[in-house]
Amino acid sequence: MSDIKPVSQTHVITASCPSQPGTVDVVTRFLFEQGFYINEIHSFDDTDQDRFFIRIEFRADTATNFNRDDFCQQFGERASEFEMKWELASSPYKSKVVIMVSKHDHCLNDLLYRYRTGDLNIEIPAIISNHPDLEDLAKWHDIPYYHLPITKETKPEQEAKVFQIIQDSEADLVVLARYMQVLSSDMCKKLSGKAINIHHSLLPGFKGARPYYQAYDRGIKLVGATAHYVSDDLDEGPIISQGVETVDHSYYPQDLAAKGRDIECLTLARAVRCHIEHRIFLHGKKSVVFAK
Amino acid sequence: MSDIKPVSQTHVITASCPSQPGTVDVVTRFLFEQGFYINEIHSFDDTDQDRFFIRIEFRADTATNFNRDDFCQQFGERASEFEMKWELASSPYKSKVVIMVSKHDHCLNDLLYRYRTGDLNIEIPAIISNHPDLEDLAKWHDIPYYHLPITKETKPEQEAKVFQIIQDSEADLVVLARYMQVLSSDMCKKLSGKAINIHHSLLPGFKGARPYYQAYDRGIKLVGATAHYVSDDLDEGPIISQGVETVDHSYYPQDLAAKGRDIECLTLARAVRCHIEHRIFLHGKKSVVFAK
Amino acid sequence: MSDIKPVSQTHVITASCPSQPGTVDVVTRFLFEQGFYINEIHSFDDTDQDRFFIRIEFRADTATNFNRDDFCQQFGERASEFEMKWELASSPYKSKVVIMVSKHDHCLNDLLYRYRTGDLNIEIPAIISNHPDLEDLAKWHDIPYYHLPITKETKPEQEAKVFQIIQDSEADLVVLARYMQVLSSDMCKKLSGKAINIHHSLLPGFKGARPYYQAYDRGIKLVGATAHYVSDDLDEGPIISQGVETVDHSYYPQDLAAKGRDIECLTLARAVRCHIEHRIFLHGKKSVVFAK
Amino acid sequence: MSDIKPVSQTHVITASCPSQPGTVDVVTRFLFEQGFYINEIHSFDDTDQDRFFIRIEFRADTATNFNRDDFCQQFGERASEFEMKWELASSPYKSKVVIMVSKHDHCLNDLLYRYRTGDLNIEIPAIISNHPDLEDLAKWHDIPYYHLPITKETKPEQEAKVFQIIQDSEADLVVLARYMQVLSSDMCKKLSGKAINIHHSLLPGFKGARPYYQAYDRGIKLVGATAHYVSDDLDEGPIISQGVETVDHSYYPQDLAAKGRDIECLTLARAVRCHIEHRIFLHGKKSVVFAK
């Protein structure tokens, strides 16, 4: 049995297409014919929207030499008959994640810990902030820190710089780790499906500003956070993960914020992990997440 | 020590008043002077609203004979100096709970189980429904079932009958256990602080009709329920308890509803328990809940 | 697209075998060749034990007429090359569940509710108890109730009767819903993989008798329950699901038991649902559960 | 009302004594007579052990000047009549917490974050480790790092040094944040009620070494952590807090450990917070925790 033990390189193929017979077969047969071993397979068929989603982790047998170009060309031909949108990701690869942050550093600190210990298999080519406060933290991790303050007047110009940094660093993902500026509609479109925001409420409750104060005024008994893809429509992007904890009347807004910090960290980290492990599909205004 | 062992009769005093020095002392000193033993004491001081809340469970020493009238008169004099609103409840007493329901019977079934096993220390003098479907369930528990169908035209008249039943049964509490009719503004006012509704979403998200469908469309990753006091403003009454469970993309509205049923039962039962154990204070648009 | 909409009959195939290349392909290719449509596919490869597990929900295209015998014969031939253990289940089918219970009726009541509302797609051909107490509850649901009291002397004889009832009712599953008798080793073996027990602690903590008292003495801050397959080794069978809630110092054993009742109901119902939906594989002393 | 707004200095009095009438009154009357304002009061009466516990947060009116010595002398006289064990803590005071750690740094990192942001109101006079690995992390926070490697032979001598550091730093609390050495019986006694350990399982399940491996072998569906006071009896000290998350068959020991890290951090931080806020009473082999 030793010949099928995991080897270092594993791959993930994700694919979606209109529902029709043969959608699983076209992928699994190809992998078998090419001599790959399937570690895990998970599919979902949305019977409302007639759309099919599949995620497969697989690996080569030791003898096989993986040729990415050949794979993509050959599989692409078969997939096109199904109008399949698909992607292939191969490990070991560290996703490049640009983090944007303002003054609250709990999510940043949490992501940096997971980065430096390898809990999240990522590189962080840049941290961008509209405030100078968190430069020391970035420095201690040897990560470039870009301080780009934003006023109403400078917003277009500064956002252009932000986008330039994202492009230059070839970011796979942008994480808004409590970045308290609303991105322009244009920026949202450019980053569609590539930017995750953490909102400190259980959306759709308490959209917009100061959600912990809104939650306090409403007298909620559960406080939560929501990680979602950024979209043009504020706090309306596809939800990836949500977290929650019990509270009571004795929680003032600052107490909700304190409890919320832990929830935000965990909820955002889970979303980032799902993204870099290619577990998420955008699906209209929603997401399909094959979570571990 | 055997003289301080619990005896059958315990009492709960709940009180609230504007914050000022001496608010605890006025209650605890009185109880001490009267020879009572305090089982549990819990207070909260709202520093935003400058309002004080206290709940004390106490019991008489065995030798003492409890005289309710004397207690109320004497404590009332002291309490009035603090503009205190207060109540005294003595066990064993079974709260009288009128349940209103439409066709979905999961919450009713759950409450009936807790009623017949004594898990909830209540009587149920009446079950009221705008549908005939659940009469058998009521009958098996020997509880009168009032079928009061409601149309636009008959609403005022039928609501009057509902209120008459509530009054005749001397209900301490009305529970809307998935009663799918909106109560009139007048009815809401009459039942203020005495009626608990279960809403099948995490308020303030998904107010109004068909919350599981709303939740499905939004692609939420947590589904929940909210028990709250009925108020004139639909789904805006003071929240008592909230419950939640994890879901994913594979949950269609009927799956959310199925998972939600369990959450609704638990969340509503918890709210009813807190109410009958005198653990809840209305506090403007919010509630103070000294939950166990 | 209407031709691929769900039709009434769906099937679930579950299979496991030693890990080797082609394990997914042998199933998915067969289904494709036979003209089936895959609703959902989920696999797991245990790299410690080199064993592969797969569960597929599929349906026929409307035109196809499903022939179970042909399916089993043809697929069986291919599967045998992989030493595959497999099963095919077709809906609509109501699993036959025999419930065993003593005096505590919360789990029984919960299962009966899910049975009569169709939340669990089961039949209950028999309720067996060593006490007479719950006969009324069974009667109201029109389910035969077998009162088989057990003493040390009568145990073998009464257990034989129990097993006879299970066999006569062609039970797919036996649920020990707080049945407080230890089954004999022989009985455990006969019911292996077919009997689920609910234990009122978070196993492996507090095995054996009176777990809520044990938990109280230990001063735990979380109380829980465990649903597991019955095995010869008491409270050591493969775990299926576990549930938990927060408690504190003020919970006496009876309070833990009260809170525990809700956890037991939910944890057991989840396990039963997974079993009848063919989501569970026995895997040595553990279980593989493709939970929804 | 402005005269009763919170001022900077608040106090917490905690007391326990044998149950008897007047236990609440002796504290609340004194506080009233001295002109203090009670922010929050919470009590518990253990009817099994006949022991009473109370925790009161209070503040002086602005005009009053707090004299600690006077308070202690006067209250002490009254308390002695009840055989009361009591403590008075006044804010602002930063508890001095010595952290002990081996190589796993997740709990240390989490505590350091809460320390440097003020989320935990503590000082950290020393970090002690039997390994050199985490010195950089300590240095970045300007905290002295003591590397005291331990072998079987050097254990008594090194433990003496550890204890000296604890004494020299006048530590209020010692936190074993994944310190993988078993403390000697003598050391446990010296630190009784002053040292908190985080164990990476839901005690009493999986005591001792490699709990994540034990949990994997048992096939658990919930993974957890337990913070408890250190006692002479390994992993048997009074439990303070426990945390838990859902897992399934696909979690290998390293996956359990990864998920467990987040639970350990939160569970330990909660325990430390309760300790420094004087919310915990040792009560034989258990703890009474008036958690927020």
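Letters are used for the chains, namely A, B, C and D, taken in the order the chains are written, and counting of residues starts over at 1 for each.
Keep in mind that, in the parts below, contacts are C-beta pairs under 8 Å (C-beta built on N, C-alpha and C of every residue); 3 or more make two chains touch, one makes a residue touch a chain.
Just so we're on the same page, UniProt names per chain: A, B, C, D = Formyltetrahydrofolate deformylase.
All values reported here derive from a predicted model rather than from experimental measurement.
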Touching both subunit C and subunit D (chains): A, B
Longest centre-to-centre distance from subunit C, chain (CA-based): D
Inter-chain centre distance, subunit A versus subunit B - centres from mean C-alpha coordinates, in Å: 42
Centre distance in Å when subunit B and subunit C are each reduced to the mean of their C-alpha atoms: 36
Residues of subunit A whose C-beta touches two or more other chains: 40, 44, 47, 250
Chain contact topology (line, ring, star, complete or other): complete
Subunit A partner contacts - residues on subunit C that touch it in the complex: 1, 4-6, 18-25, 28-29, 31-32, 35-45, 47, 50, 54, 61, 246
Subunit A residues within the subunit B interface of the complex: 44, 46-48, 202-206, 217-222, 224, 238-244, 248-250, 252, 283, 285-289, 291
Partner subunit B, residues of subunit C touching it in the complex: 40, 105-106, 109, 113, 117, 119, 140, 250, 255, 258, 261-262, 266, 292
